[in-house]
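Heads up, the next two complexes both have chain A, just with different partners, chain B and then chain C.
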Partner chain A sequence: MLSRTADNLYWLARYVERAEYLARILDATLRLTALPLAYVGAGNEWQSAVATAGCADAFAAAYPEANEDTVTHFLAFSPANPSSIRCCLESARVNARAVRTALTVEMWDTINGAWLELKKWSDGPSSRQDFSSFLRWVIESSLRFDGSAYRTMLRNDAYWFSRLGLYIERADNTARILDVKYHLLLPAIEPVGGPLDYFQWASILRSVSALTAYHWVYRENVKPWLVAELLILRDEMPRSLASCYENLVQNADRIARAYGRQGLAQRQARTIRARLENSRIEQIFQEGLHEFLNDFIKDNNQFGAAVTQQYLV
Partner chain B sequence: MRISIAHSTVYRYEPPANGAVQVLRLTPRNHDSQYVARWRIDVSPDAQLAMREDAFGNITHVFSAARPLPEIRVDVDGEVETQDGNGVVRGTAERFPQSLFLRDTDLTRADAAIRALAEEIGTANGCIPLDSLHALMRRLHDEIAYDTALTNTPMSAAEAFALKRGVCRDLTHAFIAVARCLGIPARYVAGYLQLADGITEQEAGHAWAEAFVPDLGWVGFDPANAICQTDAYVRVAVGLDSLGAAPVRGARYGISAESLEVAIKVGQ
Partner chain C sequence: MFDEMQGSEQSRQVVRPAYAALWDWLGETKPDVLDFRRREAELLFRRIGITFAVYGDAEAHERLIPFDIIPRILSASEWDVLHRGLVQRIKAINAFVNDIYHRREILKAGVLPEDLIFQNPVFRPEMNGQKVPHDVYVHVAGIDVVRTDAETFYVLEDNARTPSGVSYMLENREIMLRLFPELFSRYRVAPVEHYPDELLQTLKSVAPSAASSDPTVVLLTPGLHNSAYYEHSFLADKLGIELVEGRDLVVKDEVVHMRTTEGLKRVDVIYRRIDDDFLDPLVFRPDSALGVPGLMSAYQADNVTLANAVGTGIADDKAIYSYMPQILKFYLGEDPILKNVPTWRCRESDHLTYVLEHIGELVTKEVHGSGGYGMLIGPAADRATIAAFCAKLKSNPKDFIAQPTLALSTCPTCVEDGIAPRHVDLRPFVLAGRDRIHVVPGGLTRVAMPKGSLVVNSSQGGGTKDTWVLDR
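Here is the complex of A and B:
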C-alpha cells in the first residue's frame, strides 16, 4: 500500500473520531449549563470545554470571551478553527475521496452524506434545540462510519491503519478530558460527594459515554478516583487508555506481521501498553495524575509520530 | 524477537488422588521489553481455574478439583515478543518497595562462606553495585559447576556454594544471597530462555536473578550463563526465592505416589 493511501486512511479515522469527541464535549457542556447555578458552581463551563478540546490558545486569540455563542461557533462551525466539527468532517471527506477505492460503499456513503448534510448548518444552528439535534447527528454519523468500517471493511492493512488513527485520537481525547476536568474540579471547596461533584463527574462520564458503564463496573456513587481508574486502567472500558493501547498494539502488530518487519512504532505501543497494564491507580495518584496524563499525552504523540515516520511519509 | 513457548506438565497419581489444589504461576506479564502476544493455559480435568494476582504482582491461576484424579495435565502455550533492554528491566509491575527484596529466606540465607565471598567482592569492586554484581555473576559461573543431575535435589544457597555444583536455580540462589549481603536488593526470576544453540526441547524452565541497581533499576543477571538478561529471556514470575516464583505449587489429597513429567519447547 502507498504511504499516501495509508496516511489518508489514518487521518480519515482520526478526523471522524475527533468530530464525535467535540460533539460529545459540547453536548455535556450544554447539559451542565442547563442546570441551576447552585448545582454546578460558578465556573465557566464554556471555557473548560475549549480547554478540553485542546484549542484554548487559538480560541483566546479569536474571541474576547467564552460563552455559549462563541464556543459553539468556534468548536462546531468555525471555518477558521482547523479542529472544529465542520473542518473535521470536511477534512475527513477530502481524505476519504482520495482513497475512495480503499473504502467500502457504506463508508463512503456515510462520510459523503455527512458532508452534504453539513451544508444545511452552514449558517449555524437556528436554536438551541436545533444545535442539540446537530450534535446528535454528528455522533450518529461517526457511529455509522465506525460501524460500517467494522462490518464491511476487508481486514487488511487499510483497515489496520484506519484503526491506528482512531485509537490514537481516542486515547488523546480521553487523556485530555480527564486532565482538564480533574484540574478544574480538584481544588473545589465543595466537599467530595456534593452535588457539584456529582454533576461534574457525571458530565465527564457522559461526554465519553461511560456513565452507565461506570455504574455497571463499580455499583456505587460517582467518585473521582474511580472515574480516573475507569478511564485510564480498565481494559473492559472501550474508551480507556488501556483499552485503546491494547487495540493499538494489536493493530500495529498485524501491520508488522503483514509486512514482515517491525520497528519503533510497535516497540513504543508495547511499552506504553505494558506501563498502563502494570500501573495501579493509587500509584498514579501518588506520583500525580496530572504528570501521568501529561506524560501519556506526550508518549501518545510520540507514538503517532513514530507511525507517521515508519509508514505514512 | 518473537519467542514461542509450549510447556506441558503432567502429574500422574497411583492410586488416583482424591483431589488437588494448585497455584500456577505460568503467565508472563508485559513490561517495557516484553509483550505477550498470545497466551493460553489448559488444564486437563474439568476444574475451577481462577486468575488473580499474587503479592509480587505475578499472575497466578488457582486450580482446584475435588474428585478422584488419575492425572493432571497443565498445558501452556503462547508467543512473546521481546526486545533487548541491555539487561535493564523497566516498566514491571512493582507492588513493594525495593528494600523488601533484602529479606532472607531459608533457601537464600547466607553462611560464613557466602559472607566472606560478599566481603571479598565488595572490597575488590569498591562497593560499586553494578561492578560488584558483574564480578559476582562471573565468579559464581566459574566456581559452581552446572550439573543437571541435581535438578530434583532441593538445596539452599549455602549448600550449593559448599558443594560447588548445582543448576540454574542454585546459582541464582547463591547470587541472591551474596547480593543481599552486599546490601543490594535481589530477587528470583522464573521464566524461559531461548537457547543460542538452536535446541528447542528443554527439560526445565530457566531461572535467573534480578538485582536493584541505583539509577538503573532492576537488572537481570543470569549466573548460569554469565550474561545479563537479553531478548532471549521471557520473564514469567518473581519472588524472594525459587519457592516464591515456582511455576506450579500445590497439594493433593489422598495417599498416592506422584510422578512428574515436564516438557518445554522454546523456539522462534
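Here is the complex of A and C:
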C-alpha cells in the first residue's frame, strides 16, 4: 500500500474521532452550564472545555473571554481553528477524497454525506436546540463512519492503519479530559459524594460516553478514583487508555505480521500497554495523576511519531 | 438539421428504428415520473461524489456535470462503421507518431510541412529515436465524433494525450441500469462495464521487456485539485491499481519505484494523466511539483512504460488535424472511413483571407486550445467579440484554424419545459495494446444543454448521456 494512502487513512480516522470527541465535550458542557451554580461550582466550564479540547492557547489568542458563544463557535464552527468540528470534518473528507480507492462505498457515503450536510450549519446554529441537534448529528456521523468501517472494510493494512489513527486519537482524548479535570479526581479536595463533585464526575463520564458503563462495572456511586480507574486501567471500557492500547498493540502486530517485520512502533505499543497493565490506581494517585497522564500523552505522541516514521512517509 | 430520433427535417414523422421502443416508452411514461427519476439520478451522482472542478470558478469548486436520462442510441450497423473508422484512425496515428520520432518518411515525402512538426510546442525532441514497447504510442484515445445526417460521421478531434470522460461512460450506464430497468427490458444494449479490464490488459501488454510476467501498473494523477481527479480515482479503483501522485514515486538507478508501507516497490507501467510538460522537472517544466524527477531517464532506459507515450500531442494537434486524411492514406493506403471536417489553415494566406471574409459563418479555433476555450463560433458571436477575435487572428494567423459550423445532430433531452432536441457529439474510447485494438461499444455522448448551443464541453456547461449500442 502507498505510504500516502496509509497516511490519509490514519488521519481520516483521527479527524472523525476528534470531531466526535469535541461534540461530546460540548454536549457535556452544555449540560453542566444548565445546572444551578450550587451544583457545579463557580469555575468557568467553557474555559475548561477549551482546555479539554487541547487548544487553550489558540483560543486565548483569538478571544478575550470564554463563554458559550465564543467557545461553541471556536470548537464547533470556526474555520480558523484547525481542530474545530467543522475543520475536522472537512479535513476528514479531504483525506477521504484522496484515498477513495481505499474506502468502501459506505464509508465514503458517510463522510461525503456528512460534509454535504455540514453546509446546513455554515452560518452557525440558529438556536440552542439547533446546536444540540448539530452535536447529536456529529456523534451519529462518527458512529456511522466507525460502524461502516467495521462492517465493510477488508481486514487488511488499510483497515489496520485506520484503526491505529482511531485509537491513538481516542487515547489522547481520554487522557486529556482526565488531565484537565484531574484536580477533581483527587480524593482529598472535597468531601466525597458532595453534589459539586458528583456532577463534574458524571460530566467526565458523559464526555466519553461511559456513565452507564460506570454503573455496570462498579455498581456504586460515582467515586473519583473509580472514575480514574475506569478510564485508565479497565480494558473492558472501550475508551480507556488500557483498551486503546490493547487495540493498538493488536493492530500494530497485524501490520507487522502481514509485512513480516516488527519495528519500533510495535515495541513502543507493547511497552505502553505493559505499563498500563502493571499499574494500580492507588499507586497512580500516590505518584501523581497529573504526572502519569502527562507522561502518557507524551508516550502516546511518540508512538504516533514512530508509526509515521515506520510506515507513513 | 438531423435528429437522432426523428431523422432529417423531411422525415420528421417517422421515428428511426433504433429509437422506436424509446419513443413508445417516453409516450407511456408520465412527465412527473420522468422528472422524479431525473432528480433521483442527480442525487445519486452527488452522493457518489462524481464531480469535476471548473478552473477559475471558485463558487462551484466541485460541480456536477448535468446528466440527461434520455439515452443516445446507435444501431449495430452505425456502430460497425464507427468501429472500423476508429480502429483505422488509431492505427494511422500510432504509425504517424512512430514515424515522426524515427525515420520521418512522411516529411521526406512532403505530405506535410516540416515546420508544422519542428516548430510545434507539442513536438518533443527528447523522443527522437526513442523506442517504445511494440511501437505503441497512443494506448488510450478519445476520438470526438459528430454526425450531420444518417450516413455521415465526422471526426472533430483526435484526443491522443490524456483524454478523459470514460468514468462518465461507465457511471452513466450504472445509473441508467439502476433507474430504468424497464427500459432495458425493451432493448439489448451492448455492455461497457468491461472497459476497466480491457484497459488493464492493454496497459500490461505494453510493459517494458525487463518487467516481470505480472507487471506493476499505476495511475499517475496531478492530484485532488485536477478537474478529472474523480475519474482518476475511479479508474484506479476499477483497475485495482495504485493511484499515485508524483511525490509517491522516486527514481533510483533509472528505475521507478513507489513509496509503500513496506518500502520501495518497482513500477513498470504508468498510466499517466499528467501532461508531458509536468512529467519530469529535470527535463520539462522545472517548476513542476506534480512530476517525478528522473522519470524521463527511466523512460529512456526502457525501464518503465508511459501510457500514453511522451510527445503524442503531435498527433492530435489542431494544426496537424487537417492533414489526417493524407496521413491515413500515407500509412495505410486507405481512404478514411470517418470524414475530416473541412479545415482552413490560417497559416496559409489564401485560407486566412477566406476565413476573415467568412468569419461569421465559421468556427475558428486556436490550435493549442482545448476544452472549448479559445474558440469563436461565428454565427453565435456578436460584432464586438468577432472584431476582438479577428485582431487576435490577424496578429498570429499560424495559431488558428477554421471550420464550417457543422449542423451537429440533435438528440431528445430533458430540459426545463419537457423534452426537446439538443446538439450532441460522441467520444468513443479506443484502446491500443501490443497486438490488439479494442473499442468498447459506445462512449461518452456529450450534450449542449442550452437551446441551439453547439458547445458540448463540460467546462462550458455541457451535459452527458448514456450511449447505447444495440446488439444485432
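In this section, the second predicted complex is superposed on the first by the 306 of 313 C-alpha atoms of A that agree within 3 Å, B and C clash if a C-alpha of one lies under 4 Å from a C-alpha of the other, contacts with A are read in each partner's own complex, and residues count from 1 in each chain.
As a convention for this text, a residue touches a chain if its C-beta (ideal position, glycine included) is under 8 Å from a C-beta of that chain, and two chains touch if they have at least 3 such contacts.
Values in this document were obtained by computation on a predicted structure and should not be read as measured data.
Visitor: In the superposition on chain A, see if there is space for chain B and chain C together, and answer fit or clash.
Guide: In the arrangement built by aligning on chain A, the partners chain C and chain B fit side by side.
Visitor: Using the touch definition from the top, say if A:Ala34 reaches chain B (first), chain C (second), both or neither.
Guide: In the superposition, A:Ala34 contacts neither chain B nor chain C.
Visitor: Contact-wise, after the overlay, does A:Val249 reach chain B, chain C, both or neither (first, second, both, neither)?
Guide: first
Visitor: By the touch definition at the top of the document, which applies to A:Asn278: first (chain B), second (chain C), both, or neither?
Guide: The first partner, chain B, only.
Visitor: Scan A:Asn112 for contacts with chain B and chain C and give back first, second, both or neither.
Guide: It touches chain C, and chain B stays clear.
Visitor: Angle chain B-chain A-chain C between C-alpha centres, in steps of 10 degrees?
Guide: 110
Visitor: According to the stated criteria, A:Ala61 is in contact with first (chain B), second (chain C), both, or neither; which is it?
Guide: In the superposition, A:Ala61 touches no partner, neither chain B nor chain C.
Visitor: Scan A:Leu154 for contacts with chain B and chain C and give back first, second, both or neither.
Guide: neither
Visitor: Classify the contacts of A:Tyr259 with the two partner chains as first (chain B alone), second (chain C alone), both, or neither.
Guide: A:Tyr259: touches chain C, not chain B.
Visitor: Looking at A:Arg267, would you say it contacts chain B, chain C, both, or neither? Reply first, second, both or neither.
Guide: first
Visitor: Quote the smallest CA-to-CA distance from chain B to chain C in the superposed model, rounded to whole Å.
Guide: 20
Visitor: Which residues of chain B touch chain A in their complex?
Guide: For chain B paired with chain A, touching residues are 29-35, 37, 57, 81, 83, 91-94.
Visitor: Applying the document's contact rule, which stretches of chain A touch chain C when the two form their complex?
Guide: Residues in contact with chain C: 1-6, 94, 97-98, 100-101, 105, 108-109, 112-113, 116, 157, 161, 255, 259, 311-313.
Visitor: Over in the complex, which chain A residues touch chain B? Could you list them?
Guide: Going by the criterion above, the answer is residues 249, 253, 266-267, 270-271, 273-275, 277-278.
Visitor: What does chain C use to touch chain A in their complex?
Guide: Interface residues on the chain C side: 46-49, 224, 229, 233-234, 236-237, 242-245, 247-248, 258-262.
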